[in-house]
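Please see the structure below; I have some questions.
Going by the order they are written in, the chains are A, B, C and D; count residues from 1 in each one.
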Amino acid sequence: MINQQIDKNESSGSIASSAKFKALLKNNGALVALIVLLIINAIFTPHFFAMQTFYINMTQVAPIAIVAIGMCLVIASGNGGIDISVGSVLALAGALAPMVFMSEFGLNNPGIAIALAIVLPLLVATSCGLFNGFLVGHYRIQPMIATLILFISGRGIAQLLTNGDIQTFNNDFFQYLGTGRLFGIPIQAVILIIIALFVSWIIKTSKFGRYLLAVGGNDKAAFLCGLPTFKVKLIAYGFCGFCAGMAGLFTTAMNSASDANTAGLLMELDGISAAVVGGTVMMGGKAPVIGAVIGALVIQMMTYTLLANGISDSAAMIAKAAIIIGAIYLQLKNKQKH
Amino acid sequence: APPPLAEKAQYKVGFAQSENNNPWRIAETDSFKNIAKECGWQLIVTDASGSASKQVSDVNSMIAQRVDVIFLPPREERPLVPAVKRAKARGIPVFLVDRKVDETVVKPGEDYVTFIGSDFIKQGEVAAELLVKLSGGKGKIIQLEGTTGSTSALDHVVGFNSVIAKYPDMEIVASQTGDYARDKGRKVMETLLQTNPDVTMVWAHNDEMALGAIRAIEAAGLVPGKDIIVGGKDGTRDGLQAIIDGKMAFIVESTPKFGPLACETMKRYASGEKIEPWVKTEDRIFDASNAAQHINDAF
Amino acid sequence: MNWDSPILQVTGISKSFNNIPALNSIDLSLNPGEVRALIGQNGAGKSTLIKILNGAYTLDSGSILFDNKQVQYSSPYQAQLDGMSTIFQEVNLLGYRTVAENIMAGREIKRYGLIDWAACNKFADEAVKILGLDIDVTRTLDSFNVAIQQLIAIARSVSFNAKVLIMDEPTASLDEAEKKTLFKVVKDLKTQGVAILYVSHHLEELFEICDSVSVMRDGRMIETSLIKDLTKKDMVAKMLGKRVEDILSDENARPKVCANDEVILHVEKISGSGVLKEVTFELKKGEILGLAGLLGSGRSEVAKRIFGAEQDDSYQGKISINDITIGVNGPKIAIEKGIAFCSEDRKNEGIIPEMSVRENMSLVILDSLSKNGLIDKEKEMALVDSYIKKLGIKVSDMEQPISQLSGGNQQKVLLARWMANNPEVLILDEPTRGIDVGAKSEITDLILSLAEQGLSVLFISSEYEEISASCHKVLVMQEGISRDYLHYDEISENAILDELGKH
Amino acid sequence: MKKSQHPLLRTEAVWVALTLIIVFASLRYDDFLSPYNIESFFSYNSMFILISIGMCFVIMTGGIDLSVGGVVALSSVMVAYVSPYGIVTALIVGALTGLICGLINAVVIIRLRIAPFIATLAMMLASRGVALLVSGKQSVPISWEGSFPEYGMGLMFDLIPWPVVVCLVIAIMAWVLLEKMPFGRAVLAVGEDEEAAKLMGLKVNKTITLVYVISGVLAGLAGVTLAASFGAGQPAEGVGWELIAISAVVVGGTLLTGGLGSITASIAGVVLMGLIFNILNFENGYGSFTISTYWQSVIRGLFLLLVLIIQAEVLKRLRNKKTAQ
């Protein structure tokens, strides 16, 4: 029977591939939305086809997309999984980096300081995620409320550390994280692509991926199969924290300054929207990582399109709402047909 | 007339800050804290985190604690009217700081003592005139606005646009909010620059957004100060440094250091002096000629 | 009783899901005061037929004549108001709410526009009393065990003045005593002229209460006849579509005597904060030990305790496997030590509905299927494929979501999940609940053959017939205490019942 | 007489905490229990009580409403425009604005089958967008003549602010609705098990629609209070209010998964969370030390953490004990 299927596919190769593409579009509201946005831009936005446009969007989407990947895993882990603390964690990580290399120790040991300025914030951000995971996994506090704690306090800690001041710096190495390019591609985009492919591969092929989806699908059953449900949640939330930290480093590096007060404000909304537009279901048990990245691209392109065409940000909010609902509706509608 | 104030050695003073999330606000709060001891204040500071209604409620909790004086930097013009009214009803004199409240409803010298602060419309006009001078009255402008809906942003737009409108060769090609934040300012500027490559001037409603704009200009491979003239507002240390580095052309000062002036005005009022309805701050203009000289006392 | 003017008459009902026919031109008629059994294999279409009758599904074609009216209900509730009540396969009540609230939901008695709780409680109290239940109706539903919940569901349905009562496997989670209560209720209703459509996989009980039997197979109505004209074997033959001669007799199912003396599992005086008070027993290699007891006697808790399924500090006692003591620190350790556990709650504690058959089956043994944390997919597919063949699991392919399988096939996938881990002790909690006779005997055969290969099995079931047919030894439990063993030769349904009556 | 409260609904924690905190504060600060403080405390927090009552209904059905903050802002703007026509008109317009938003939420959730979290997140953006568009991004002046400002700033019997009176009436109505009316039972049933509720003949879609409408209407009324007591239609106000409401409801012991809930405990939750701000203000005035605003957010987070962990511990004990009955 399997053989027959393969034969059929081969004999009608071109038809199959175009049908495949159609099916891909049908199942992916985010992709449709993205293509529509690109077409709109091609028509309306002046100077849209320029390398610089590509660079701008790549650098701007990177923090959202990375957070969306983390959010995707957290939502996939089930039981109402969500992390609304990403914005605060982003601010915290972003504030820590310059504190490291601008400290006395940092100035005396620039080499170590740069490494430390990357590692330490990521560690702290990951710990924040682990803390969330602990509350969710161990105390079974509902994720939205559990992560509300760091949402409130995380930024407060960052502000306490910096005394609310903006830290401006001049550090070519660190700024490379923001402005550097690798083979002509902005460094953030490169890191984003690496992380996205890696995580997507992990989800598809690794034991952890299977565990995550099982726990998200039915955590009681997963527990009875001897799966380390608590550890899986810890890792999912921890990784989400890590992603927020990474986004924080990008933001700080881009600006050559850290601002604990405003960095990552409302990032949780963009992250969640991107993940969901990309096909993550709020129920858990599904982790379309690449979809989340596409979702982030949709959110970014939308912001860009509206801004570039001088549409006021109030109207932009309404458009954003419409496109979120639209993209998800497309997805659900097609799923129901199956 | 506003409630009287007795002359005492010690006052219980409320400072109901509207938000404490940018350098300017922090500097303002600090300047009140710094003067407190010298002025004989026992200072209560609250933070409304950007919510006008919470600010009203903060003022109310100060009234409940029977403070002697309230210094109020109103988050917005209209929503803070009730706060002023209630304080008056409870016999507590209010000094408005840095922003006004709706003068058609409550009036200085009557409902509150006075307004201590700069003239936002004027600041916008000054900025526009500086750009006119620097560009010879020709070119395309991007304006980075402050937080949507804030009084300062609205007034700055009014002042700035009114002057630019007089010059037919000058055009504001885009005017978008950057939320007073460097990151947002950068992102918005990146996009606007992409769609308006022939832009020659930028005025940002604060130095933070101006600094963000500078990053965006540099990222686009242009030279700030040469290809594009950048103007800011406030006079932060980072801003002045940008002038020294030649990246920013000018900054219209808007000082947050109201503490000393507030102390002085309050003392005058306590001694029975009649206070003018608007105690204006002296706002300077910083440019290449004086930036280095002022950078050390910038905030 | 009027046998000539049916209260419910169904003609030519067809229904398909996604173009796959589930029902094919079904005819059925039911008389007042008649108790009709509806039997068939899993997936034969019994539940679908019921759902069409009560309006949960819409029919594709055909007609329903109820009480001399042409009807097509928009929801089960509409049907219920009209006198056609359904008791569903799973208890569909609200655990957080009180018994009274459950019985009155949607039709609360009001005074001055507000709910009159006193009147509601009184009404509910009377409704449960009819079933011989003496319970406090102001207690929350989830403070009662499943059996009582099932009876409460029945009480709710009956209180709607039903003319037709449809019961979809009402005894699946009842024990003998409660079944007796239920049967009494059925008989009472029958004398009141209520027609009852009774779906069950327990063929013996049909003889006790039913007048007639309708057999379904593959979405078709095969035959309807009076029950007195049929034997159990006849029914099975009709359900499976085989000749009577080809049906194996029950006697063959009995396992051979277990000769082994090596004790694998020692359970000594375990107790816990729940019902468990004192349970002690031993399980030998290759032995099938049945755990018999009434509902709530704590059998499931013994299983969960051994497996470490519930982390509860108040547990006491000692459990050792191969003389190594195991703690209560989660199932992982139990699994490592060679214990496997199939929960009684297949839906909530067994399957992962969104995942495929392959992913469900390989979940426990992912460790051995992966290297450096990566799953060897080919190895996985080969293994899953072999188990699908070995257990005869009916799937379109291994990527089919498990939620699309019938109950019996789901259960087989779960058994395969554990067998793949080569356990030494297999704990089965109600493994055949809701499974048809065909699949049931396949599963029992499977268990027997596993035991022959040296696997020790702890077998929990509320069906004493099944227990007595397939166990080497039976341990009788009462109220959290282990009583006596019945040894190989002593085992019979009656012996178990006697034993339960002793204390 | 009616029923035993379900043990999973733990409301004691919030009442104990509330009592402790009130006793502590009234002993420590002279003016804490002064009529002025109580009155102004409630006139501000009445807005949060309103949206929390709505949120409580939504959460009891297992849903969530992230749009309340935006709806409050939009309603306050609309109300400000009609404020010259008096308070009755204003109340109607405010409620209507909220009703429309709630209805749209419900339609998106039920018809398009989009998860409440996402549907109301979109409404949160949309309502704020409309508020900003309509108002031209500025706060909208209210009429300072007539019954509208009187509602916002006057006191009934010289004692209770009008919005607080309205809030009280609504709280009682909500309590009756939940505990004494079939609708309340339907809400809980839908939240616990939608399928079972359907089979019991409860109108699931109608119930879900109604809870979002209730939440919308109450947010709309909060918008009236915002405009009348706080001086203007404020399109930028209400950011993060949904989180205040949600945490108040959760602190009140209601499960986010639905099926259980208490109106009174949710209100206690609002008061508790509000008191933290109030007390931090008083502590600053007390003068022994000044708590910087950054510390305040850290303290608020820690406090929430504490309450949640206590709740979780109690629940865990309960789960263990449950089988023992």
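Here, contacts are C-beta pairs under 8 Å (C-beta built on N, C-alpha and C of every residue); 3 or more make two chains touch, one makes a residue touch a chain.
Computed from a predicted structure; not experimentally measured.
> Among all the other chains, which ones are in touch with both chain A and chain D?
Common contact partners of chain A and chain D, which must touch each of the two, are B, C.
> Can you name the chain that lies farthest from chain A, using the mean of each chain's Cα atoms as its centre?
Of all chains, C has its centre farthest from that of chain A.
> Using the stated contact rule, I'd like to know whether B-D or A-B comes out ahead in C-beta pair count.
Per the contact counts, B-D leads.
> Counting only Cα atoms for the centres, state how far chain B is from chain D in Å.
Centre separation, chain B to chain D: 34 Å.
> Report the inter-centroid distance (CA atoms only) between chain A and chain B in whole Å.
Result: the chain centres lie 35 Å from each other.
> Taking each chain's centre as the mean of its CA atoms, how far is chain C from chain D in angstrom?
44
> Just how far, in Å, is the C-alpha centre of chain C from the one of chain B?
72
> If I count partner chains per residue in chain A, which residues reach a count of at least 2?
159, 164, 313-314
> Give me the residue numbers in chain C that touch at least two other chains, ranges are fine.
As it turns out, chain C has no residue touching two or more other chains.
> Residue numbers in chain B touching 2 or more other chains?
20, 148
> Between which chains is there touch?
A-B, A-C, A-D, B-D, C-D
> If you look only at chain A, which of its residues touch chain C in the complex?
On the chain A side, the touching residues are 2, 205-208, 210-211, 213-214, 217-218, 220-228, 285-286.
> Which chain D residues qualify as touching chain B in the complex?
Answer in residue numbers: 29, 31-32, 34, 36-37, 40-41, 44, 47, 132, 135, 137-142, 144, 152-153, 226, 229-232, 234-237, 239, 277-278, 281-282, 284-285, 287, 290, 293-294, 296.
> Could you pull out which chain D residues touch chain A in their complex?
Listed in rising order, the residues of chain D that touch chain A are 64, 108, 112-115, 117-119, 121-126, 128-133, 137, 243, 246-247, 250, 255-257, 292, 294-298, 300-302, 304-305, 308-309, 312-313, 315-316.
> Of all residues in chain B, which touch chain A in the complex?
It is residues 20-23, 26, 148, 174, 176-177, 179-184, 186-188, 190-192, 194-195, 197, 208, 211-212, 215, 219-221, 238, 241 of chain B that touch chain A.
> Touching residues of chain D toward chain C in the complex: what are they?
Within the complex, chain D touches chain C at residues 1-4, 6-8, 176, 180-182, 185-186, 188-189, 192-193, 195-202, 259-260, 320-321, 323-325.
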